[in-house]
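Letters A, B, C, D and E name the chains as they come in the text, with residue numbers starting at 1 for each one.
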């Protein structure tokens, strides 16, 4: 059994009467791209929120590299090496792109305000290394040359990439991506797939991915879990999932190409 | 690879905030109980008549604060800005009411029985009504133009910008009143039936406790106004559109809501309430000059926050609590009256420490990310 | 483009303009305006007396001209612009004339309403209608009509395309000249021209306090004190985004530490200025911890009101009977001893200006280093989005508290200096208005920008001094100016910009995206 | 029905639309595709009155609507469903739907419509009392759609209606679009999912950096190599 | 308490030496033809105490007009706004002393501003005559230039305590103050003096100035059944207290005010409620011509009478008049037709004021206290002030 980066044991999160995440068990191996899919409202984002410390699950355990993390605050969890992006982008809009990355490095840096005022040696060293690392990350996510733009002035697709860059900046062990290609066109989606692969292959980061773009998910994932009404209804390799009836019924439907054909033919009929 | 880092000691104070909060809370609560025990059980410093008097005073002050606080809360609820000039809006309304009463006082008419009296004594109800109409409409007008001139162009600006504009407006209005009406202190000329200091007499412990007409009038009227306001906001489309505009102006416009009109109406309503508070305050206390808006303005703002800013019942509750604290606090805790604002502010801080969004403010539980 | 619309809008404009004029009269400002006008013509008028009538006429003419100038919309064609000017001038003049009829009536009937409206003295009313009675009203009306029209016509001519282009070409020429000038400059100079400006500034600052007399020294040191206070508050508000309305409390802690430790009464400890200043700074920092720890959970306006309450609590306690033996009560503490440095005590006003300048330099230094460090960026991130900031690993409470503490230290510092400079401090020097002034200067000047803070301090503390010319009207003028400044420059006079850290080839950037707004280039990172 | 001519829009110094002209006939579905930042949302916002054009005109049913405030345009039956899940976060689902029917004064009608929306999106019925802000991303997306349909619009401006929706729901949303179109609503559709958009639309325009670069019959465009390369993942 | 023993030794002015300007400590102010002699004023003219400053300016303008000319030169009043605080006081002082035709200051009105401004005037040799700053220490630190017209707290307080204890014969009083410099200082002294006489001060409390409702504090005081409520502060709060005493069980207690509450405004605001209340006032020559003329001039110039905006109209008028008189007596024309005013001599001249009779009558002692006679007490009877003995 490969080493697990995240293990959830019977995690449940309840809002009022609604069990958004219901006793979910996941074993996520190190170095995998692991996708979580499921209908809208299935509890995917909520699960992310539990892992990254925004919510404390009512039941169950979340282990990160074998260590219990639920109940810790988000900053501590970030410090342990879990980074994330958000379904609705949350950049620091009035900071420049490169500053966003520098903020992302926060947990990796050690100098404090006194160092900053006196410019101690370690401050100078850290400052120059962190800056050059930040530039590398910009390059890595394809934003080279845009580092001095305010984040809010970047177009949507670049903001998504910048958010990933910020998440990468502290050298995470685990990256949680919540619908990273939402609102992107197919061309940009392809770029994003390339980027995600690169993260795993070049940096060795484990990735958990939420996506509704099936082509992408099937393409990229090592392993997929499917949530519905908060419970895990299936898990396995992309092939297995694609052919799972329950998943098709609850989630997949006929698929993009078939759908397009449906509308086209209807339209032709109408015109005829 | 779990990072362990050396952080500055200050940054390690994680969680100690909560501990200190509770220590503070326990200390404050303990002190409070001890004081109350001393005042009521051991010393029993004041008789029931005194407590009644304090209670009456607190309720009257509180209802005026509540009316002004609603204005802050309404504007805040829609624009997320502190209308710092709101106290001045009240002051100007008070002046309008004052001039009407002066005029009706000066006007000679043949009263009932053919005796020549002043208009305000012959038709006191009408005179007071006119004063309120004048005060309310003038304040509404001021509020309306204030928004149009000083705030509307800044609607897209960061939140602190309109705050400074409001501070400027507060200066400008205050000094305009100073220059127009002189710094002289004026006295409200009430019609005789509402003479200040007169009231129903209750005998408690052999001493007369006066329930002043003006005070009762103030309380009753402000309750009526508040109920009316709640109905207005709950029952009419205006209330709905105010909520929508508060959350997202563009989307509200896409629903067919006239955003400008909604905001103007908000200022008009808060002006009306402030104007009525100004006239009531004048009738009850008599005192009027260019600076009367400032202190109640600050207090009412405090009350609005205490109740949970943006929340109308919260503003009312906050106003009442603050009024009662000011009146009863020093006596109940046996602390000098000079420190009544200290008591009020300390209690407010303690409340906010435990209820960070005010008494009735929304509980910001787990935020959706 | 419908005529009724045009008519109504212009009439409305005329109404507003006339109301402005009438308001001026109602507060008696027309006399002051005429007074200023006479100064322009080199005639001085005794205070409290009324200047010659012709100056009032000039005031009317000036305003009528301005009204006419502003009457028309730039976008419209000439004919409708003239029509607009006509309508606006007619309404404005008409209403002012009507008002004058009222004034004339009041004067003739000797009705005294100064009981209610102080400015309505017979002299002042008569002066407004040019001391002419009935005929003055016609003259007034004519002034507003004809000068107004003149204003409109001149506006049309001046704003015509031809004038526009000629102005643009003038601008271009100036730009060209500047370009050639800079081309001719040796590269070394060009590269370091900024330092040249700084050097000149420093030299000016070093020389001026000895030359420009005690009043300007005084104003300079007040402005300087507010610059430091502004920098401190900027750390709280501008960087870490915590709205603080009780800044004066920290100011008071510094001032009272110096006062209590270094004045003959009430305690006569006479510790010496420097140690007491240090105590003041530390006291303010401790105050910040005590305030900060319990309230870290509060956000936005709740924080604002709690800090406002804190400021008021401190002020009330300082003057209360409870602490009177300790703090001197409402009377304050006087005869506070100033600093001695190298055996020389600070006596002249320029000494304090230099002292404050030194501390400004230190503050700017500290601020700049903090703002562009890991700490500064963490603060900014918290301000932008606390939840996301925490999720990137920033300890919210710790950093917020740190911002409070450092900001408070600045306040304690200037509080102490100001107390020594005034040789006095009292509870009323630490009122809510002080907090509001510092906050205002920050926003008027522009947050997160040192030049902005300096400009803001000038605007907030220097402007009222300049406005002394208009006497009792200065606070009114100040309030209006505050609004106007916000409307005209909502980001502040000199808003801050983000540092340029990446520095790449411009052309690459152009290629990647031509559509994105470029940030202003600012200082480069070391 | 809708006629846009030579439209220019600026955000401060940014020139987001540079002279866009197009038209939409009654009963049509017109798709608008283009990469991120091309100005699609800007165009929709300008039509619905949220942004002001610096130059050019928008006319709707032979009336110039550019320059009119958004609420007036809405009352003419032009409904804009904005991108990015613009629900009212502190209102419940029901209240959000009521806001969608703000211009309807008939309470019975509102109740009826709301019922119809719950039929279409059963998830929303389950979430009736939940605050909009706590809904999941996809639920919010459905809510914006349902809210827009409350008034029975004549012209609908849809900005990325399928974003963040599960595949089954994407189908549903497109079914609905087809359905309301058949009932007589004209539709201007902005989609990243160009394949779907072109499949359902009658005509389409391609917007690139603020200019329309291609236009024509939707099915024809689908065959266009430029479109295939840039927008169909070809 | 400041002692009024040693009379000031007359310093010879001008005569004896050839050039009085060279002999003068501060040199001469040289006023050229066409210029005016500037008398400064430093007072709050905006903010919560604007009424004080504006009133002082109003009165000062009349005084300057009444002062006429010296050798063909006229006086000009330069009233500046100091906002009542230290910062503003120092700003005004610095501004004024920069003008060399500025020779004397009627003010500052408030003690805080005075304390901060005094060293600046001291250094420039500007005589000060404050109409209203009462803080005790101001005259106790050897200032050459500072003088004042109001009676200092200890003198008024002793007189008031004595009057209550002996003339009114009350034994139980409550003492209130507005928490400000002036009011609190006075109230504290009254409390001490009254207790020293053997009376009881059953309550000693501060109020928050500027508010409109003091019934809570009055209600608690009522439980002590004081015979007199003494108030140290200004007429605005005084009037509110008087009005509200009736409704909370203090209807039998007498309101006892100070020179800060005395004035026409109090009458207007309290009406019937004010009947029988007692206030301190300067021991003034009753209804002199000067006073009548001033009253008339004030009314006609400003539409309202004096002592409406603040109680210090008369003091302000007298302060300016004392200063202009002093200027008149030291100023002389030089060969070029300029008016020379030796500053040091002017300082001594003002300090040496003796037997001045304006609206009030004043003589200054060696430390600059110009009103050592102590107050008269006046009671409101049928809406009029009646002097009690």
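The rule is simple: contacts are C-beta pairs under 8 Å (C-beta built on N, C-alpha and C of every residue); 3 or more make two chains touch, one makes a residue touch a chain.
Fair warning: this is a prediction, and the values are worked out from it, not measured in the lab.
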Chains adjacent to chain C and to chain E under the stated definition are B
Ranking chain pairs by how many C-beta pairs touch, which one is first? B-C
Which chain lies the greatest distance away from chain A when centres are computed from Cα atoms alone? E
So which chain is farthest from chain D, going by the mean of the CA atoms in each chain? E
Using mean Cα positions, find the chain sitting nearest the overall protein centre. C
Distance between the centres, which are taken as Cα means, of chain D and chain B, whole angstrom: 44
CA centroids of chain B and chain E: separation to the nearest Å works out as 37
Separation of mean Cα positions, chain B and chain A [Å, integer]: 48
Tell me, which residues of chain B touch at least two other chains? 7-8, 11, 14, 175, 178, 182, 184, 336, 338, 341, 367, 369
Hey, what residues on chain D touch two or more of the other chains? 37, 134
Set of chain C residues in contact with two or more other chains: 118, 320-321, 387, 391, 395, 402, 472, 475, 515-517
Residues of chain B defined as touching chain C within the complex: 7-8, 10-14, 16-17, 20-21, 24, 76, 82, 99, 102, 149-150, 153-154, 157, 160-165, 167-176, 178-182, 184, 298, 301-302, 305-306, 309, 336, 338-339, 341-342, 345-346, 348-349, 352-353, 356-358, 367, 369
Note which residues of chain A are touching chain C in the complex, please. 52-54, 73-75, 78-79, 83-84, 86, 90-99, 102-107, 109, 111-113, 115-117, 119, 123, 127, 130-131, 134-135, 138, 144-150, 153-155, 166, 170
Could you list, by residue number, the parts of chain E that touch chain B in their complex? 46-48, 50-51, 54, 179, 205-208, 210-213, 215-217, 219-220, 222-223, 235-236, 239-240, 243-244, 246-249, 265, 268-269, 271, 273, 304, 308-309
So in the complex, which bits of chain A are touching chain D? 15, 18, 38-42, 44-46, 87-88, 155-158, 179, 182-190, 212, 214, 250-257, 259-261, 263-264, 266-267
Flag every residue of chain C that touches chain B in the complex, lowest number first. 23, 26-29, 116-119, 237, 243, 293-299, 301-302, 304-306, 308-310, 312-313, 316-317, 320-322, 387, 391, 395, 397-399, 401-402, 405, 432, 436, 439-440, 443-444, 447, 472-473, 475-476, 478-483, 485-487, 490-491
